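You will see two complexes here that share chain A, one where it goes with chain B and one where it goes with chain C.
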Partner chain A sequence: MDFMVFQYPMITVQACLDGLLLGILFALIAYGMALQWGVMNIINIAQGDLVILGGYIAYFMYLYGIHPAWGVIVSPIIMYFVGVGIYKLVINKVVDRDLFISILATFGISILFMQLMNFAFGADVVLANSGYGTTMLFDNNVTLPNSKIFSAFVSIVFAICLVIYMKKSKLGRAIRATAQNARAAKILGVDTEKVYAATFGINAALCGVAGALISITFTIHPYMGLPYTIRSFMIVIVAGLGNLPGVAMSGMGLGVFEEFADYILGTEFRIGSVFLLLVLILVYRRFKLSRKREYLK
Partner chain B sequence: MKLNKLILSFISALAILLSTSVVSFAKVVGDKIVLGAAISLTGKYSSNGVHTQNGYNLAVERINDMGGVKVGGKTYKFDIIYYDDESNPKRAAQLAERLISQDGVEFMLGPYSSGLTKAIAPVTEKYGVPMVEANGASRSLFTKGYKYLFAVLAPANLYLDVAIDLAVEKNNGKPVTVAMAFEQDAFSQDVRLGVLDAIKRTGSKKVIDDKLPKELNDMAATLVKVKQMKPDVLVVSGHTKGALTAIRQIAEMKVDVPMLAMTHCDAAKLSKQHGKNSQYALCASQWHKSLTYKDKFFGTGKKYAKDFEKKFDYDPPYQSAESSAALLVFKDAFERANSFDKKKVRDALAATNMQTFYGNIKFAPGGQNVDKPMVLFQVMCDGSGKCENKVVAPTKWASAKLIHPIPKWSER
Partner chain C sequence: MNKNVILYTIILIFGLAAPFVFPAFKVQLSILCVLIVLAITWNIQGGEMGYNTFGNILFYGLGMYLCASVQVGMFFPLAEWTESGGEKTFVHTSAQFFQGMAAGLVVAAVVPTIVAGLIGYAILGLRGHYFAICTLGLGVAAGEISGGIEIIGAGQGFTTPPFPNVGGLEARGEFFYFLSFGALILTFLAVKAIYSTRFKLILNAIRDNEDKAEAMGIETMKYKIIGWMVSAFFCGLAGGIMGGLVGYIDSTDVAFDGREMGVFMVLMAILGGKGTLWGPVIGATVFHIFKEGFWTFFLGWQYVALGVLIVVIVIYFPEGIMGWLREKYPERFGEVVDEADRKAQVELK
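Let's turn to the complex of A and B:
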């Protein structure tokens, strides 16, 4: 245990800012997960792998001399079609089934994606350089890489666009209707099959954006997807489905929590602490649920 | 029912036929000495697995072209049976078992990485099969009393202790403060032990001792601590992930530290992926092409690099060079043993004392090579942004002078 983070105010500020910027990015991935979980009742274990695939798209653009920031536009477009493709091939067969079956199916997709990416792109760790430089605050005591600020900004823009789209557009309304009651929506003429495909596509597109951002802020590797899946799963559990402000808040909360866990417990427990928190929250939820049930009896 | 029985007997007959034909593969067939190797051709180690395989293949080709191996007045050629271990230790152990008991291989070459070598060593030991390995540096491989394991490379604990010595030397012999960040895996933790030894030996002080997780891609917290504590040396070891993440974030966070020492810089293609940001990083390496060791098969390191590039179209990383050296060691041992008896070859291997283009090779009782020091190179860039790795320590091999301390970011 090390409480250095509280002894120096500058480190506290740094940890909070790092955590917030990171959390906004997590929230974007989690929002995609919440969306398709809410609409289709599918927990997508392959979420993180879609993120990594999106990252590789940006990386390859970078490799061919295009600035990786353009990946934020190109990657979601490609990923949308990848998402629709996955839906047509696999997900549409499990969408009305048991949750367990869909978890198994997406788990399979996740393994397949990892191996395919490893096969196609190799096992090297790669990254794309944005060359964005650094913002210094408080007399150079707090440094914020501009790439992180950029990624938080882009995440917010995409989240806002999506919210507006969901509220205003026809497809958005259809998606929300299906989420509320798929059967009723179907009776009233909503093509739920199309809605499902679009939802999965939108989720994959969001993962694509996040992946492109991760390739310019962190690193990309075929096997690095799982931590992103776990984080978004956790954010969604805390926030609940269909609750965008909740997702944003719990995303940022998780980011800050991770940063502080890193300082206090040590870097080796950074991701471990997320897993631990997940278990604690699940136990707590279960506990609350069982109390309610007793009350009903 | 009858049909089932018929099919069953047919299959078993086929199996018997196959197994007998496989056994006839055995260690020495006609004029071929068959070596076995499980290598990571797929999975997370696949890029380094391929470097290893290329190294082996180049050496086999060269030795065969230059007359092969002479044993008992007869000339033999090398041949290797490869299996893909999928970067998975369990699979590697199974394959070693299969190579030895089914394919009848009696001499093995090592896989890629310490973890996989650890999985295979008990198997080769059980069957008394000599294994020369080139890519498992973890210290724990050499403390288990294995008799049939020989490693042409220096053990992991020697990777970065040179850097601490160098820092003390630059500090006029006075102790220094050291910040450490090491991944939690067998190899990096061994590197850490070596650094700890060096810290103790020089009376230096460790101020940060962070362990990095396997899924690491963010070490901002460690670097913030480094900014606060201002150590004389920052040591990072976390395979290619660690090297790439460290350089990216040190540059982004403008962390000023007089000396930065790492592992896996050349595997991470640091200077290519990060360009000028990677400048001044010190990297531990088993081998560098500018070293002046020599042998009659490959000539000098520079010549090796040229031949390698001609065949495989890329600059050889040290993983390939050490793999090639493993074959040279085998050839030498066979000729001295003048026999294919496993025990005799093992004794000949233990008595190895030779120079290869990769370095001197002489095995300690534990099996590690004690005759080849690690080298440190520094990434140096010219005005146009073209970066190169130049050996700076030990002084005997240095091709450039160490730049110390690293200029501050505000002055770059």
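Let's turn to the complex of A and C:
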């Protein structure tokens, strides 16, 4: 327990800023989660592992002397094809089935990815150094790595691009139509199989961007995937499907919560507190809904 | 009925003779018994009640820590024990060891049951995937949090009391084998008794349509909680035994091991056939044999194999062995089949 955070206001500012910038990244991952959940009715436990894989792509570019910021471009392109591949191999067989089947199948994919990454890249915690330096604020009391600002900026740009793409393009319209009613879309000539593959690919690409940014700003490790899945799941259930401002807000809220949990409870409880928060949110949601149900009675 | 008695007798004799027939596999057989218990407990929850959980690992880990803590804490200060780690400054006499183990197992079974009852009301109100993810979160949170608690060893782990020096390694293997075999028989008989009552029908009604069951006047919440408590009781017991068997408890790698044990129990029940009495037993046996094969031949690649196995079982084999047998030989399961109707269904497929 460390109560520095209450005695020293600058730590509060630091935690808030860190949390907000981190939360934007979470929101980007959660947006992909909401997309596939809404369109395909699938919960992808491997979401976090796709993020980490995207991060390793950027890290490898860094190892081979290319500036890791280019990973933001390269990683989504590779990850799109990885996503489509996963869809063709596994997901298309579980789309119409029970939701638990999809959870379990993606859990299997998650274990598989975790271990393959462990073999391929080793079990060390790594980061791709962008060399962007830091900005000092408030008389050098608050340090803000420029890479975090860069990552927040890039996430926002990608999110805006995606929203415009979903609104304007033909594929975006098809995806939205399939999300509303897959059967009707099929009757009207939408190739839903293709739409599903593209959706999963876009989701994986978003994870790729987020992963590349995480490898620049924070650290990556093969086993760090599951917390990202849980975070994005949490953000989506708090915000609701198809509520983009809500996703952004709750993502940032989660980021700030985590930073404070880190300062107050200590780093060893950081991940635990995220998972506990998920349980609390679900329980809160259950009591709220049950109240509504009683009202209907 | 008569056939059943013969079958049970054969299994019982085989179970009792196994450690003497295969003395080299005593530990493996004990683990198999624990795995079967876990699969049966998961099946109460996931198969009969239709509440697919990843969180039963919570009770397993809890039972493991509780059993070891009671066993140590009854005679020695717990904090100093965990601090000393592997180097034993305290030694249990054999009477102390067995007394501690007995008390520990009781606590390991009872406390998770109470915990299940307490959190059940909040969590069992969730439906479908919300429940699945929530329990997944619970399991991981428990692992992360117990990894930060000093008195049970935090990150460095907890060494359970070593087996007293009576009869050496052989005696240790036999003790744990018969302990886990006893737990298996207890679990199986208890679950078999439960499955022949109205309680099982209520659980199945909840699985098939919870709202309708509620409309029929069944207090679904009460029965769901009781079902979870039954599941937690045996899960905790299995955890306590496993803790003593492994001899070392780590928060995320042994106790709250959602990545291994937590998935294994789901997988074993699904492989054997959800919602049947014998399914989990068969599934766990087959799975354990497969797993040992993988673990030996694909050393290092076991998790890759596990991931592939999960995907393959879930996609291509969701009905499990019992489900497959049932489809193949429906008469054996007491189903009256109209041959023409069956053919028509096959053609439709």
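Side notes on the structure shown:
Heads up, the rule we're going with is that the second predicted complex is superposed on the first by the 294 of 297 C-alpha atoms of A that agree within 3 Å, B and C clash if a C-alpha of one lies under 4 Å from a C-alpha of the other, contacts with A are read in each partner's own complex, and residues count from 1 in each chain.
By definition in this document, a contact is a pair of C-beta atoms (placed from the backbone, for glycine too) under 8 Å apart; a residue touches a chain by one contact, two chains touch by 3 or more.
Bear in mind the structure is a predicted one, so any value in this text is a computation, not a measurement.
In the superposition on chain A, A:Phe107 makes contact with chain C only, not with chain B.
Once chain A of one complex is fitted onto chain A of the other, the partner contacts of A:Val279 are limited to chain C, with no touch recorded for chain B. After overlaying the two complexes on the shared chain, residue contacts for A:Gly266 are found with chain B and with chain C alike.
In the superposition on chain A, A:Ile237 makes contact with chain C only, while chain B stays out of contact range. Of the two partner chains placed around the shared chain by superposition, neither chain B nor chain C is touched by A:Asp49. With both structures placed on the common chain, the touch criterion links A:Tyr8 to chain B but leaves chain C unconnected. Once chain A of one complex is fitted onto chain A of the other, the partner contacts of A:Leu226 extend to both chain B and chain C.
Touch criterion met: A:Asp18 reaches chain B, while chain C stays clear of it. In the superposition on chain A, chain A positions 115, 119, 226, 266, 268-269, 271-272 are in contact with chain B in one complex as well as with chain C in the other.
Chain B contributes residues 42-48, 87, 181, 184, 210-213, 215-222, 224-225, 228, 239-241, 244-245, 248-249, 252-254, 268-269, 273-275 to its touches with chain A in the complex. Those residues of chain A lying in contact with chain B across their complex are 4, 8, 11, 14-15, 18, 22, 115, 118-119, 122-127, 129, 134, 136, 140, 143, 145, 147, 218-219, 221-224, 226-227, 259, 262-263, 266-272. Interface residues of chain C facing chain A in the complex, by the touch rule stated above, are 52, 122-123, 125-126, 128-130, 132-134, 136-138, 140-141, 143-145, 147-148, 155, 259, 263, 266, 270, 300-301, 303-304, 306-311, 314-315, 318.
Residues 43, 90, 93-94, 97, 99-101, 103-105, 107-116, 119, 226, 230, 233, 237, 266, 268-269, 271-272, 275-276, 278-279, 282-283, 285-287, 290 of chain A touch chain C in their complex.
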